[in-house]
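First the structure, then my questions, so here it is.
A, B, C and D are the chain letters, set down in written order, and residue numbers restart from 1 in every chain.
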């Protein structure tokens, strides 16, 4: 009997999640008896995700692995799913502990927070003004990372975060917000965009404003989408974990939990195939791997993959 | 031809006496009319979709699944009933989704201040009423066109939620509050489904069986003539906005309870789905005609389509193509058919 | 002014066997119509006889279901309004078909504006030509002014100028004088004479017999969408035409019955409005018919609408049966027993998209319902009673009012108000555009109402009607009461003099 | 008299825009620097172009809610065509034609089947967006997948203004000429002002509405390319919800939602007003969370202002009142 594992993403069509779906398929192939249902709403809303999850519950899938649009709003629905015997985990963007067995962070939030500041600081030996361009105001993971980033600021003297703006993961809004930043803060030295949509738009806005060289765009992005901007110099470097690995790992975990091979408890170590194991903390959260930094030296190698 | 001869006969009869001729009350019985109605057509569509769904997916005919599916439309449909009356009266309210956001935010604020559950409900409905009153005052009081007023208040109401909440969220609603959006009245019948049925009946009676409902049709047909007939046009418009606000408030209670949290982006895009539901239900978007049974069936059709396709894991946007095509198709096909027969 | 149709003159336009049906109505059934150059043909018929329908067929707005149209003996078709214009047919339609937001010049030339460079509209030439056309019909209007700033009579003149802007051989006028004042009517007559001399064929539609006899050379009568007859005006009498129109003899045109005039019902004093009227005061008694006469645009409708709560007066008081009532809305007026049958039936009177019975019971719903819930049986009973009293012609009470002819729509509106059992009924131009048969019914009914003790105000611009129906006449001029006449002083001369403002000799 | 009055309505709007700029300049002088104003104009270009198309539609008593979806679909097609190496001029022709075609679908449904435009475009709005998804499987086309020429055209600066802004200026001028000086342009007003009368003057209401939709669609198609090239990304959701901004711009600009009245200057200023608000808020440093409420209030204030001018005018029968007025 094949296991049906649903990979629920924030919205269909986003490159990052498409790559994760590839990883999930890879895991399914490796496991042999797994069918992947890759699904999600059209736009990044909690209501849309709930509708999708309801239909998955109705189909009596074996496991749901979700990257949530809203930490809390999905909880009642996911609880219902667990009540009906479905294994529920969250990955990438988490669900509140009540609504899932465990959460797989792409990397540890502290590490990501530190990385994004470090990326900016590496190219600012003398320090300077830095602004953050986030996704929506409700994005769980962005908020956590930004918080973590602010915590480590004292380690980077001279780096001064002047503003946080929200581009809602819309290219045009992010673009306009970036323009606003460039004008409001003429001395801005770097923009940190911990979102793959925002970072591209910000790089484009910086290019159009003729500020390549004076403003560095960094943050989290996909090599395929950032390749051009790295070459033009708008972005000196950026980081990301491998979304293929993330989809792969989430699928493996969901499979193991649903099989009963592993149990989601604080301190447990859950195997994730070629990615090794993940150790759960008290919140039943675990980190998959460290973020990886991309710059002109290695971008070509990855830009064709994801 | 026959009508003419009859006419003349009647005329001759009435000629001298001056007493009027007998005019029959009706030529077609209400039942015969109902058979040829839009509602009937929609009902056939709904049955067809139901059958298609049962064939396409083994999971469809399951009481619990159908019950779960009902959440896809109950909240929107409750607003749609009030919206139907508003549209029949020749107005529209595009701010309903934003009213939900604001009402939910107010409930969240009260919840963090420790308000009891009944208070949350009262505040949710109250916020809906206040927002409705603002729309109503701008439209009925100042005489501004409702479509533009509510495009404005749509930004304003949700904007206030953003100001209050920013990137935060209200979570941790009391367990008991969950009853509205997650509770069940009996077996698979959820509280929301029960509210939907009650709202359908109340609005059905209000629109079709009361003086108020008649006035709604009158205003939608010819507001000037209504005013010249002693109808308090402004008052009725105002009440309709209040009702729409109130139903948005109820939807806010249900949705907040179902999600167990409040964020300013809650219910984004609901307004267009509500309007689609109303129009699919046979309500003339230009005002003057439509019925609540039509809207009920339209809600079911939309619910069935999205759930049936969801079971097949069809992406939401493909479903919306189908709903969009349904919206145009259901209206266009009878007209095409009439043109083709000519 | 009698002109003979010269033997041998062929008709310019010749219609044969024209039929046209609308859903549920056969508006025209195989009618014929001939128009001769240099002759004015009057088309006569009751409301709904199909007169306007044939005009619309002739101007390419409707396509006939059946029948032929011949121009100069050649069969043609008018698929569009432009095609009719190109064939030399132009019309002043019954409804004003103009654009409020556009200038006078644009209204005259829309659809055939003069073009300049690059095919762009040559505004300057258009305005010059508009000016020329307007002066040719004696209308002193600025072509650059926006139409919505004009009065109703001026708008009508623009419509006439528009019709003349097409160089036509056939000119159709569908009740052109309905909205015009004396002076303008006389100018229109002169214009018609001029057009006749130019050899144009003219179709003139009117319900006013004095007018028809003054202006027409030939007549054609339609009844119920059928052709009844045609001939020369010289060979016919008014009674004969009426007989043909109605299908029966109409013996008494103004059936004013003597009624006992009782105590005052409505007393208005010092009613004023910042821009529309000033110091209006009068007393209305039970059983009385009070006529309001004035030139079109004298402000009578505005006063009546203020009494009915549509507009608010800035000053003044209103007493009903002795007690002061403040009327701020139409609902309050109805409560106070004042009802108003408006002049503009289509916009203000009937709710055309709803059935007859719902129109009739609209203001009486409080009585036909129970605790706010509708009682259809009682509604039908009430509607049946009042539509029968007004001799309404309809297929069923469930039929939409839109399907009725103008006269029958008016009856529905009157029925609606009578059903509220009012104390005061205000009828604003109650017979405007209504055929002679229905007109008699309305007059008969008014008279009966007064006899039953209702107080009636009748606003009318037709002198015979005012004199024939009223116990007393108030004449308004430019927003003020100019004079009041009773008994022997009610003469046409006195009324006109007061209305136009010529100082009385005495 | 009325013409001066109408002019003054546009004057009020112009004053409001100036006042808005003054307030912004007070907090952030850099905003009114010519370079930045040029930037705002460029940013607002899509809104201006679409507002004109929408104006044509609204004048005829219709509404086009599908413009943003049309824009997104045409933009995506432009990006796809660019991806397979089609030269830019051909792409421009293709998107305008496609946009016009999509507009024609709306127009035909309104004209031939007499379906209210709000229903038609509510339906096609989701259908057009859905088609993008079906075409692309929801995948994005990103900057690096677009050719340099494709991205550079709207940005190329001529006489201090980017081509994008020049295109908007050109569209405004062309549209003004069309609306004021050609028969079909005047027909838009006639059809909306009095559809019944339009028939009597030989103007086909349906055909004119059809034309307005085609126009609106063609402009949306053009904007689709500009948008995608400017923001260097194409995906299903671009310009999501933008149709409401477009309608709001028209309404603020005094285009009567009931049809038949409005001016090109009004529509353009309405769009500029919204554009400035949207651009200025982040610049002036007002919390992003205030943006929505502020634009909402701005819309409400603007329509309340407009309505004051449009209020029913008495007929002025009394002689002395004429002098007072």
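As a convention for this text, a contact is a pair of C-beta atoms (placed from the backbone, for glycine too) under 8 Å apart; a residue touches a chain by one contact, two chains touch by 3 or more.
For reference, the UniProt names are B = Autoinducer 2 import system permease protein LsrD; C = Ribose import ATP-binding protein RbsA 1; D = Autoinducer 2 import system permease protein LsrC.
It should be emphasised that the depicted structure is a prediction, and the values quoted were computed from it without experimental measurement.
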Worksheet item: Common contacts of chain B and chain C?
Response: D
Worksheet item: Which chain is most remote from chain B in terms of Cα centres?
Response: C
Practice prompt. Can you check how far apart chain A and chain B are, centre to centre, with Cα atoms defining each centre and the answer in Å?
Written response: 38
Item to complete: Measure off the straight-line distance from the CA centroid of chain C to the CA centroid of chain D, and report it in whole Å.
Response: 43
Practice prompt. Could you tell me the distance, in whole angstrom, between the mean C-alpha positions of chain A and chain D?
Written response: 36
Discussion item. Suppose each chain is reduced to the average of its Cα coordinates; what separation in Å results between chain B and chain D?
Written reply: 30
Practice prompt. Would you mind listing the residues of chain D that make contact with two or more other chains?
Written response: 133, 138, 236, 289
Worksheet, complete the sentence: Contacts with two or more other chains occur in chain A at residues 12, 42-43, 137, 166
Discussion item. Two-or-more-chain contact residues of chain B, please, as numbers and ranges.
Written reply: 162, 166-167, 264, 315, 317, 320
Fill in: Chains that touch, pairwise
A-B, A-D, B-C, B-D, C-D
Worksheet entry | Contact footprint of chain D on chain B as seen in their complex | 94, 138, 142-145, 147-149, 151-160, 162-163, 165-167, 264, 272, 275-276, 279, 284-286, 315, 317-318, 320-321, 323-325, 327-328, 331-332, 335-336, 339
Response to the item:
Contacts from chain C onto chain B in the complex sit at residues 26, 29, 224-225, 247-248, 308, 310, 329-331, 333-334, 339-340, 342, 347-354, 356-358, 362-363, 365-366, 369, 372-374, 380, 384, 387-399, 416, 441, 444
Item to complete: Enumerate the contact residues on chain D facing chain A in the complex.
Response: 28, 30-31, 36, 39, 43, 133, 136-140, 142-144, 155, 227, 230-233, 235-240, 278-279, 281-285, 288-289
Discussion item. Which residues of chain A touch chain D once you look at their complex with the stated criterion?
Written reply: 12-15, 18, 42-43, 137, 163, 165-166, 170-172, 175-177, 179-181, 183-184, 186, 200-201, 203-204, 208, 224-229, 303
Worksheet item: Of all residues in chain D, which touch chain B in the complex?
Response: 63, 109, 112-116, 118-120, 122-127, 129-131, 133-134, 138, 236, 244, 247-248, 251, 257-258, 287, 289-297, 299-300, 303-304, 307, 311
